[in-house]
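One structure, as structure tokens, below. Some questions next.
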Amino acid sequence: MKRRTLVKSALAATALVALQSTAVFAGNPVLKIGFVGVTSGPAAAWGISNQRSMETRAAWINETGGYKIGNTTYDIKIVSFDDQKDPKRSIAGMDKMAQEGIHYVVGPNTDDGAEAVRPVAEANGIMYFPYAFSKSLYTPPASNAVLAMVANYQSGPAIYKYLKEKKGVKTVAFVAANESDPLSQRTSGVAAAKALGLKVVSDNVTYQPDTTDFTPVLTPVIRQRPDLLVLSGVSPAHAPQLIRSARELGYQGLISTETAQDAQVLREGAGDLANGFISVGGASTPELASDAMKEFVKRYTKMFGEYNDESNTKVYALEYILATLAANPKAINDVKEFQKTMDTFEAPNPFMKGNAKLTYVGTTSFTQKRQIAVPLVVNTFENGAFKTLFVATVD
Amino acid sequence: MSALLEVCGVTKKFGGLTAVNDVSFDVGQNEILSVIGPNGAGKSTLFKLISSFLRTTSGEVLYEGKRISDLKPHVVARLGVVRTFQETTIFKSMTVRESVIVAQHLRAKASLAGYFWGTRTARADIAAFGRYADELLEFMGMSAMAEELASNLPQGHLRALGIAIGLATDPKVLLLDEPFAGMNPEETMRTVNLVRSVCDARGVTILLVEHDMPAVMNISDRIVVLNFGEKIAEGTPSEIQNNEKVIEAYLGSADDEVGI
Amino acid sequence: MNGVTSKQLIGFGIFLLAIFVGVPIVIAATGRWDFYFTLTSVALLSIASAGVWLTFYIGRINIGQGAFALIGAYVSAILVAKAGVSFWISLLVAGLFAAVVSVLIGLPILRLRGVYFAMITLVLTQVVTLVALALPITNGAKGITSIPLPGGISLLGLQILPPFDSMADTKLAFYIMASILMVLTYLALWRLVNSRLGHICRSMQQNEELASSIGVNIAYIRIIIFAISSFFGGIGGALFGSISQSVYPSSFQVTDSVNFMLNCFLGGLGYVFGPMLGTLTLYFGWDLLFTLGKYQLLVYSVLLILVIRFLPNGLLSLRLGKLGKGGGK
Amino acid sequence: MEQVLANGIYLGAQYAMIALGLTLIFALMNVLNFAHGQMYVIGGFVTYTIYGQLGLPYIVALLASCVTLAVLGALIERFLFAPVIKGSAREESTMLLAAGIAFLLDALILLIFGEKQRGVPKIVNGVLNWDFRIIMPYDRILICGLAIFSIVAFIAFMQFSRTGRALRALAQDRTAAQLMGVNVDRYSTIGFALGAMLAGLVGGLLVTITGINLGMGGPTSIKAFMMVMIGGAGVISGAIAGGFILGFMEAIGLAVLSQYGDITYLVIFISLMIFLAIRPQGLMGKPWG
């Protein structure tokens, strides 16, 4: 009998928690923005940096009186769903968002998740901003996904071109984890390098996502002595180890990746060996960061104890959503209006010095504007921090 | 003599060790034949060879003139040669009656899909299984414990259940693995009578491997004696009792549990 | 043992009513439309879990169902998206294909028992994922996307089922479809377990040697059971592919295989309806806890541990007194 | 060639240590501890916190990892595994418990240590470069040496100490050990704690090379399972052999099959399946029925 009561009370507690209504903000009406992504398990870092940058920004907006869209000032509330990097759960998460009456969602973090939620998002009138590169997500007939970062097939050519012209890179080698996203990125990376006339000396070495020692993985690659080693779609956890192994094997050339990295992680994991490592980042380097960006980093650090440089690129999606809604308040419950606005939308970029703009791009890659124009900031790691190598734009 | 089961020069080697060496003997129709021998004589290996739970190294076992060694155990069982196990090997979480019903697998006329769809043949089978199980338990004197879980039975009845499971398959030859081991004289007596009546009343030929000499002397028509994997004697109980090689083998063994 | 009592019939009736009438009414009343997808997932995952439960029934710990679900998902996706075959045919083919593969793989590995079988099936899940990444027909890392929705079914010119893309609400359609398949699966499972094959499985679960001594061809039965199990896996996988309209090598992975197994444990290995309840609890439970934010996994795991600590024989063991073992319902 | 050998030894030593703890727990209680990888991760994070963050000597951090995990292991055994094993109809039910604990530890790691990859300063600098035939950083050599030393120490402990002998008796036959007067409950706890401690120790050692993040838990458990299966479940020597075999398979496979890229692990997994199908008890295990 005793255990029955116990189980019953446990179940009752669960039910209570589930039914518990969402917290109510005082004053302003609440605008809910969703996040569906991975915030637990091996890839937690991707989603968490995402979720936290959204929450930091939302708290900041709310603290300073809310966000004005049309004639109403809203408090922003972030509703997050952890999909555990499982496409089945991503769909459930997107359904939850529809249930909550949310029309704008950031995420998911992977190709398979983003592809799986497409039917739900399109059926329920949700615009979503995945961090996934699969072109079919953004190319018609797909209509509701907006690429929330720079795809590697856009940043790759820019980086290779720069390195070819400025550093005399002639040969390049690719290494990728044996998983969907990195493999897809490797394929497009190789194509981009070949198009530029670079010689690809190795493009088929892969490693399992659970690899703990990269020396045997890299040995055959390093033997080819490429001028540039590209770590396709490398996760922040693997990057320092790969760099370290490559350097310890005596590799002298350049190393680059097209994904965002965290300086602290590189510093701890590879130390000085990571000097010269090229990665794509946002606009938080001292040369570029505006006061708003610095404020954002400060608030993030205060809220969560430690900043994550991956958030530099992830702060944008929410900003775009809000700014576009402000430009066309009708879009708040109607994504068709949002889509219309996207074609002409333009606003100043608050996170970058100078007169950079927020616009939607992607016509070249997707034949329609389904990408946010994050500045393509290419950074290089020097003595524990990122320095901007060059800045480019995507069309 | 018409031999039902013929063991012809059967040999089994485990690595360099010869467990059974060139053993031959026949079992006649409706006979009770016992294989005895001191510990480590190769009895249970021979037993497994006959029931095809082990492959022979050389030699063969014939049933009704057809080779049955090296066949799969269930094929041998289908032909009518069925073995029992020692008491721990039962269907622990089934009742006695369920065990006996399951064991009538070979009597089934309907196919497995037939049972799934509940065809007429299948329903007839199910009824027949039930009737036969009741009859068999009656015969074994186990009707009272039909609904008891097998794991709750006392040791003596476990052995009887093992025999009942074997009998439920309608065997021509029943191979019994040490049916009297660990029993007190009274239980042994009862089991001896049971085995006798299985042979007489149901016409089942019985080959048993056993340790308990008095019981074996009592029950067997003929006896085969093994020592160090080789057959050292064969004959009626009285012949065996007076066979010098046998006496020597048993006295020579350190096994004091078995006396003659 | 084989007769169906009136009590069971009533129970089954209530169950059907709850699924096909009760749930839609409750959802309409509360406006929680999102529960449709969650319940659809529960239905299709419990189909796959039913297969795992069946392999448990012959005493094998199966951590390979993810492999067969992935195979099923790909077969259906390739047939529908590349060959233009009707989804309904592809669903059946997916199940059959998974079953055939399982026979080929099962022949050598079903001899293994205990953790050894568990491990080899776990490795199998990884092998299938890696094969899906490497093969051209599966589109490798890119996956198969934009799979058309299921079409209609017409018989003798009479339309029994309209095409899904003509429906206003595919959520309900998918829910009904998955639920019907789930009910059929569990009816089949229940019937199987209570038929002779089920009794033989139980005998094998308890002692394979004894089972073979009474003339049971254990190797054959093992293959049959593994094939049926994988058939369910293939069906479940194909269903998911049609709902998400995409399949990736990561659609079903080791985690999924492990979850299928956990569903069975949690519901109770002794009960036919255990895996269904287990799936509902594990999957729905996670969904319900989503408002907890970052504490979701913590609370979820603590609850899970409490349940197993105090109900080590599964949730259904609470009702052990009332119902016979193995039979369920 | 020499490089492949060196890589194999290094990988093998670390794998063997991971497998040791898992196989010990399996041998003692027939529990497949799904949470083994998470324990390894906690070990890594404890060392990271004490050595990397607080700046205390490395050896202190390593000891702290061992102690933390030993205590954690003992608690888990005493309050979770032991009662569940007693109350469960089928012993496989412990798999659900183990998985639940894995989830719990994952959640705790995320809340306490965060989601980021962490690393500690190098404990030794420099790289051994023998004529480009063997290139191996000194810290790897040191960790490899420490791992091999720990393995030897563990074997010696199991062989010669009183506790070790009791544990071995327990692993061989629970009932017999009980009859011989071994306090089964107590030694189960000790054994579990020891297994968990080994996981913590490897975590503490490897954090200096590979760093640590919360995602390493699950995959590490699965790799450990495979090594245990190769060698034979529940056999100490088997776990060591399994670890080295997998280590060498990876090192050789990556060297030989690198031009085929994606299929290296496919080949490893398929050969593993074939091997297990032919020899289900692994290299040194007892046949299972």
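In this document, chain identifiers A, B, C and D correspond to the written order of the chains, with residue numbering beginning at 1 in each.
As a convention for this text, a contact is a pair of C-beta atoms (placed from the backbone, for glycine too) under 8 Å apart; a residue touches a chain by one contact, two chains touch by 3 or more.
Only a predicted model underlies this, so the values are computations on that prediction, with no experimental measurement involved.
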Chain A to chain B, fewest steps along touching chains: 2
Chain whose Cα mean lies nearest the overall Cα mean: C
Chain whose average C-alpha position is farthest from chain D's own: B
Intercentroid distance (Cα basis), chain C paired with chain A, Å: 34
Centre distance in Å when chain B and chain D are each reduced to the mean of their C-alpha atoms: 47
Separation of mean Cα positions, chain C and chain B [Å, integer]: 43
In chain D, residues with contacts to at least two other chains: 106-107, 110, 218, 222, 262, 265
Multi-partner residues of chain A (at least 2 other chains): 39-40, 178, 183
Multi-chain contact sites of chain B, meaning residues that touch two or more partners: none
In contact (per the touch rule at the top): chain pairs: A-C, A-D, B-C, C-D
Touch list for chain C against partner chain B, complex: 2, 191-192, 195-197, 199-200, 202-203, 206-207, 209-210, 212-219, 224, 325
Residues on chain A engaged by chain D in the complex (per definition of touch): 39-45, 48-49, 178, 183, 204-206, 208-210, 212-213, 215-217, 219-221, 236-237, 240-241, 248-250, 262, 264-265, 268-271, 305-306, 308
Residue numbers on chain B that touch chain C, as the complex places them: 51, 53, 72-75, 77-78, 82-85, 89-94, 98, 101-103, 105-106, 108, 110, 112, 115-116, 118, 122, 125-126, 165-166, 168-169
Chain D-facing residues of chain C, complex: 61, 108-109, 111-116, 118-120, 122-124, 126-127, 130-131, 133-134, 208, 254-255, 258, 261-262, 265-266, 269-270, 294-295, 297-298, 300-302, 304-305, 308-309, 312-314
Sites on chain C touched by chain A in the complex: 31-34, 36-38, 41, 45, 130, 133, 140-143, 145-146, 149, 170-171, 240, 243-246, 248-251, 255-256, 285-294, 296-297, 299, 303, 306-307, 310-311, 318
